[in-house]
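Shared chain: chain A. Partners: chain B in the first complex, chain C in the second.
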Partner chain A sequence: MLRFISGRLLKAVVILICITVLNFFLIHAAPGDPAAVMAGEAGDADPAFLQQLRERFGLDKPLYVQLWIYVSSVVQLDLGYSYRQQLPVLQLIGERLPATLLLSLSAFVISLGLGVAAGAFASARQGKWADTIISLVALIFYATPLFWLALMGVLLFSVQLGWLPGFGYETVGANYTGLARALDIFLHLILPAMTLGLFFMAVYARMTRASMLEVGRLDFVKTAKAKGLRPGVIQHRHVLRNALLPVVTLAGLQAGQLVGGAVLIETVFAWPGIGRLMFDALSQRDYNLLLGVFVVSAAMVLLFNLITDVLYRLVDPRIKVAS
Partner chain B sequence: MADTIDTNAVTSDETAAAVIHPGALKEEGRGEPVVHIDRLSIALPDGADRPYAVDRVSFKLFPGEMLCVVGESGSGKSMSANALMGLLPDTVRVAQGRILLGATDLITMPADALYAIRGRRVAMIFQEPMSALNPLMKVSAQIEEVFEAHGLLTPKERRQKALSLLTEVGLPDPPRAADSYPFQLSGGQRQRVMIAMALALEPEVLIADEPTTALDVTTQAQILKLIARLQKERNMAVMFITHDFGVVAEIADYVTVMQLGRIVEQGTAEEVLFSPQHPYTKKLIAAIPRPGEGLARVDAREPLLAVEKLSKIYRMGGGLFSKAREVHAVKDVSFTLGRGETLGIVGESGSGKSSVGRCLVRLQDPESGRVLLGGQDMAHLKGEELRAMRRRMQMIFQDPYSSLNPREKVGRIIASGPIAYGENEKKALARAAELMEMVGLDPKGTNRFPHEFSGGQRQRIGIARALALEPEIIIADEAVSALDVSIQAQVLELLGQLKKDLNLSVVFITHDLRVAAKICDRVMVMQKGEVVELGTGSEIFDTPRHPYTKSLIEAIPGRAKEALMTA
Partner chain C sequence: MRRLISASLALFMTTTAAFAQAVPGGKLNLIVQPEPPSIMIGTTTNGPALLVGGNIYESLLRYDENLKPEPSLAKSWTVSDDGLTYTFALQDGVKWHDGKPMTSADVLFSANDYLMKMQPRHRNLMTHVESVTAPDDKTVVFKLKEPFEAFIRGLAFYTMPVLPKHIYEGTDYATNPANDKPIGTGPFKFDEWKRGSYIHLVKNPDYYVKGKPYLDELYYQVIPDGASRSVAFETGNIDVVPGGSVENFDIPRLKDLPNTCTTEKGWEYFAPLSWLWLNNRKPPMDNVKFRQAVMYALDREFAKDVLWNGYGKVATGPLSSKLPFYKDVEPQYPHDVDKAKGLLKEIGYDGKPLKLLPLPYGETWQRWAEAVKQNLEEVGIPIEIEAADVAGWNQRTSNWEYDIAFTYLYQNGDPAIGVDRNYKTSQIAKGNPFNNVEGYSNPELDKLFDEAAVAYPASKRQELYDQAQKKLQEDVPVAWLLELGFPTIYNCKVQDIVTTASGLPESMRDAWIKK
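And now, the complex of A and B:
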């Protein structure tokens, strides 16, 4: 196992460097650069000023030199300085990461927990009304665009009913501390986390249901029946465990998006996370910050891919031998 | 028999009256019946090909007796077993009849009471031991679960009991087997685990649904012996479902033959095997492949195909840090194939027989060696040259279901080879219709999809597809293994006829020595990637020299009684 993990980590580093290089070129392929944006905002786009800014940021050097400087510092875990905010990129990301992780992990837990439960429940009642309703609701969540759900959620729960705050991470200026602050953050979290989780919840529910029905037809389930086991035990011990294998794959994919996947929701709910940071960096052509966010989210994807594979090996004993 | 091409046609034997031999009715000295299935009918859903899956079926199981229920797919034999187990699928329902276990009727029994009976009084083993075991659970846990289901013993005692059961069914290293996952065991070992599981609570009745069909012939012989031994030791009533009269001859005390949901013949093993009365029973017995028909036609023809020192190695795993695991699937295999000759390659699973076939047609690239077709080495050709040679050698696959593209019409499937080689599409499709006729199917069938055909018909389509490129050599890899015996006989007949008409050479890969000896000019026996014996069918079958060949022949079920079985 250790050997497997170390091998994969080594590959991950190589992949990460490739991704960084690719991102570097993609970003530079977009028109405009930080100097142009800053000069434009300053209302002074005269070529001398632009040139001065570019020299200051090292943007006047040939692209390959810039790439070399960037990649060699990334390898030393230095993501550089944000041109705009005059702060180390790592620090900026570090400040925003907890909020994003809180949001996306909550969404992850909600979607996985509720989705699998709903799918298992529906499959045990195949063709009955509970199954029909769950499948229908899952289909609706599955098909509805996230931002629209988010807006409707805000309209209903915060504007109309006034139950939940509609934006932000906590109540500005309230200066809560301790438990009161935690509760405040929790209330702020509900709408964005639910909205973010609904899509994957629907996917998990549908997948779990289909997978359990499929596994339920396999021979070993018949064996379990022939032993005299009760349906509940069969569903739980024999069907669900085998049916969860594809769900693990999907959960790995979702987990990989924990950092980079909440841009839309963070923007709609003014959630001070990485997504917002990325969005701002993009509009300002803040190369270093943007690249930094990309590096971190790519690393996250690779990490969760690895975790998924390790998990797979723990859940399914057959995989160890195959590889 | 073999000239009835349409497998769905109503033949005379379907209308013949059922035959009940006197031995089936005699109950003296057999004790009290454990199970009495009494005029049981199971209705199929509307729109099925017939109203009843099981139609007024009656039989009894007595302690210490083995009743073989014989029939082809769709005969209702498994459905009867499932009914006895209380495991009928939701789509069918019991229309009439009783299933008495002792004095209680299982059909009227509430679902709750059935849990107490399943596994405890009636147990079942299945055809495919790999899929019948939960892949994610260790073997001992799966056996212990039987006790748990019935609330018996403490966890520690369960483990002890599991170990002693694994010992009783003859697993070599019981503690190790107990801690293994099913995939870590061989097919035979897995079936032993299934048997251990079924025997855990000492049931009165054991239902064995084709328990040896998926096993190699030598393993089959062992498992049959095991079941027979345990049955006698525990005085169990066994309902043994099979399609193979060889197996019946080996183990049956009583025989019930089923066809299309009805019982057509019933009697003692002797009565049914040695003096079958019903035409369907006679047909099934006649369909057992026997060697000795038209053998040893080999002459010194110039070989069309010469294989020299063919080797194939599979490499698994391997990466940055680990070395790949190597399996020598084929080791220095050499043989020749004459024009018009049929060469059988016989072996058990893992013998490398299929790898040889795949290397010949270059579905896989051999490690080393030469495959000379008309003097040109196929083994190392590339690109256009390989493509040109490929059409001279075509393959027929084992599974007629998965080997045809379900989304393409049959005509298109047959014609796609020639079209790929530049044939005009219209001409190729017209040729496909001709080929359909040649393999005994309606040429109009070219406009239908594969699922509209039966297994035997699909295999005919597979043959037509292979013939479309007008090959000189056909490689048939277990081409009849997935078919019922009577259909098998028809497809073999067709292959033999086509071979003669088109002067084809055939490499016939099979696990069944009887089939090989019946239709092949020469037979090559393989074991663990090596050729152990090569000779004419009769040489191999009547005077085998290699101990492995001998063990294969000895393992053929029902061989001792075969001479007495006449149809």
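And now, the complex of A and C:
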């Protein structure tokens, strides 16, 4: 197991460097550079100003030199300096990461927990009312664009009913501390986390239901029934566990998106997370910051892929991890 | 005889009048959109940076809505009869936010050193300046090379903010840690910046104008989505929506909310004017009659009334009507489809399709591009709208890779500062989206602009600018659209929200909340 993990980690580092190099060229292929954007914002520019900016950012050097400087600093765990925000990239990412993780993990837990429960419930009542309703609701959430759901959520719960705050991470200027602050953040979290969670919840529900129905038709379930086991025990101990494999795969994919997958929701709800940092960096051609976010999110994807592979073995001991 | 220009008395009177009723205390929540990269306005001068940084840093002068200079860090000033020497007396008792006294050495450092290195707008202004000196701690003297009358309107906070010498001297200006925790002399001090959420400023208790500012705290909130910004105002979480920070189609709904006030004031200094760059280097835009046809084809009243909710004004030429030396000269180009068609027929335009590059600043500009496309196609000019983001737009316009492109620019208080840069031959240079991007060249006009910039006194400048405006109106190097109106939407409890020609960035020191 340890050998497997260390082997995978080594591969992950190589993949990460490849991704970094690829991203580097992709970003530089987009028209315009940060100096042009900053000159554009200044409302005034002269060639000396542009030259000054390009020199300051090292953009006057040949591309391969810039790449070499970047990759060698990434290897030393230094993600460089943000051109625009005039702060180290690691600091900027570090400031935003907790908010994103809180949002994404909450959405992850909501979607996985509720989705699997709803799917299991529906499969046990195949063809009945409960199944139809759950399947229909899941289909609606699956098909509705996230930003629309988000805006409707704000209109209903924030503008009309006034139950929940419609934007932000906490009440600005309230200066809550301790438990009061935690509660305040929790209230702000509900709408974005639910909205972000709904899509994956629908996916988990549909997948768990389908997978459980499929497993339910297998011979060992018939045997269990013939043995006289109670239906609840069969469903939970035998069917659900065997049906979880595709769910784990999907959870691994979702977890990989924890860092970069919430751009839209973060924008609508003014959630100070990393998704927005990435979007801003892209529109402003803040190369180092953008690459930094890519490196961090790629590392997350690789990490969760590894965790998924390990979980496979735990969920289903038949899978030989070493192979 | 030396002319003494001092508005101290007038300011004193307005200050005391306002003070009689103003109530101290309270906090304001404002939108800042988009989140600025930095609020150190010596290096970062985009709109959002100024909105916040304008309360932290100050310049020698402020300007009233008629662009008349008022005291800021300078309490009074004189101009010599030959228009060459400007002498400024600094306010008493001004301290930096870290407690150190502000002196003429700081002004000298900012004008001669910091801003010369970091600020292109300041560098341009200083091409007219021979020397800046300080005979004593409280006096600064600018000696000009020629009588550049525009100079007195060039000292706004965003061209020449006074910066602390003791913090910046001998450091790398771009990476100085104080950029992240700015120290100025302004009515508000920096407290905290939670990136992605808000910027918090607090009252400067040692501010040199007694009794000001009235407000205790300012929160500039970052809400990236347009619909969410509107909702934040609707739900009362936001008190002030600065001009341009919600989509135009949301404005009619917001301004009709209870207790909601709007003002178009506070843009007199910037005087934003929009136009279409017509690439004069390429046919058919190289033909003056084609350009005139474009002017006749555009229904600018429609754009103003429908896309801009009636805010702003149809541009009558290269100068905004808010600028000194503005004149409504002939010829004018009202919407006239037949005239446009006639001109196109006259030049034998072959119907070659042209590309239109919109400004990537949101929905209004996209819709405006569609309206312009419709106008031009109606007279027989096929248009293809191209897409670009901000970086792409900057690159395309500054490298002249376009046929027709939207833009709008600030005119910065004087034609010699913010207008002639767009039309003079010497301003044709790649890599800059703010100069003569259209590639128009007319030696006669160059001469008029050059003379007008240094003519003295103002009456002489007026004559020359009248001629220049007429010449440009005939040649139509670009298609002028609207003097843009950006209404500030705010809760009516906020009083004196705009008190200078630069609006919100400078006015928070005067603003107060009615109980």
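Note that in this section the second predicted complex is superposed on the first by the 320 of 323 C-alpha atoms of A that agree within 3 Å, B and C clash if a C-alpha of one lies under 4 Å from a C-alpha of the other, contacts with A are read in each partner's own complex, and residues count from 1 in each chain.
To be clear about the criterion, a contact is a pair of C-beta atoms (placed from the backbone, for glycine too) under 8 Å apart; a residue touches a chain by one contact, two chains touch by 3 or more.
Source: prediction; values computed, not measured.
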{"item": "Which superposed partner A:232 touches (first chain B, second chain C, both, neither)", "value": "neither"}
{"item": "First, second, both or neither for A:62, with chain B first and chain C second", "value": "neither"}
{"item": "Which superposed partner A:39 touches (first chain B, second chain C, both, neither)", "value": "second"}
{"item": "Of chain B and chain C, the chain that contacts the larger number of chain A residues", "value": "C"}
{"item": "Touched partner set for A:242, first chain B, second chain C, both or neither", "value": "first"}
{"item": "First, second, both or neither for A:178, with chain B first and chain C second", "value": "neither"}
{"item": "Contacts on chain A seen with chain B and repeated with chain C across the two complexes", "value": "none"}
{"item": "Of all residues in chain A, those that touch chain C in their complex", "value": "30-34, 36-50, 52, 56, 81, 84-87, 92, 95-96, 99, 151, 154-155, 158-159, 162, 165-170, 172-173, 266-273, 276-277, 280, 283-285"}
{"item": "Chain A to chain B touching residues, read off their complex", "value": "3, 6-7, 10-11, 218-220, 222-230, 233, 237-238, 241-242, 315-318, 321-323"}
{"item": "Chain A-touching residues of chain B, taken from the complex the two chains share", "value": "85, 87, 115-120, 123-124, 126, 128, 131-137, 145-146, 149-150, 181, 183-184, 194, 197-198, 316-317, 319-322"}
{"item": "Complex contact set, residues of chain C against chain A", "value": "27, 29, 34-35, 37-38, 44-46, 117, 120-121, 123-124, 174-175, 179-180, 194-198, 200, 217, 219, 221-225, 227-228, 231-232, 234-235, 237, 388-396, 398, 409-410, 429, 431-434"}
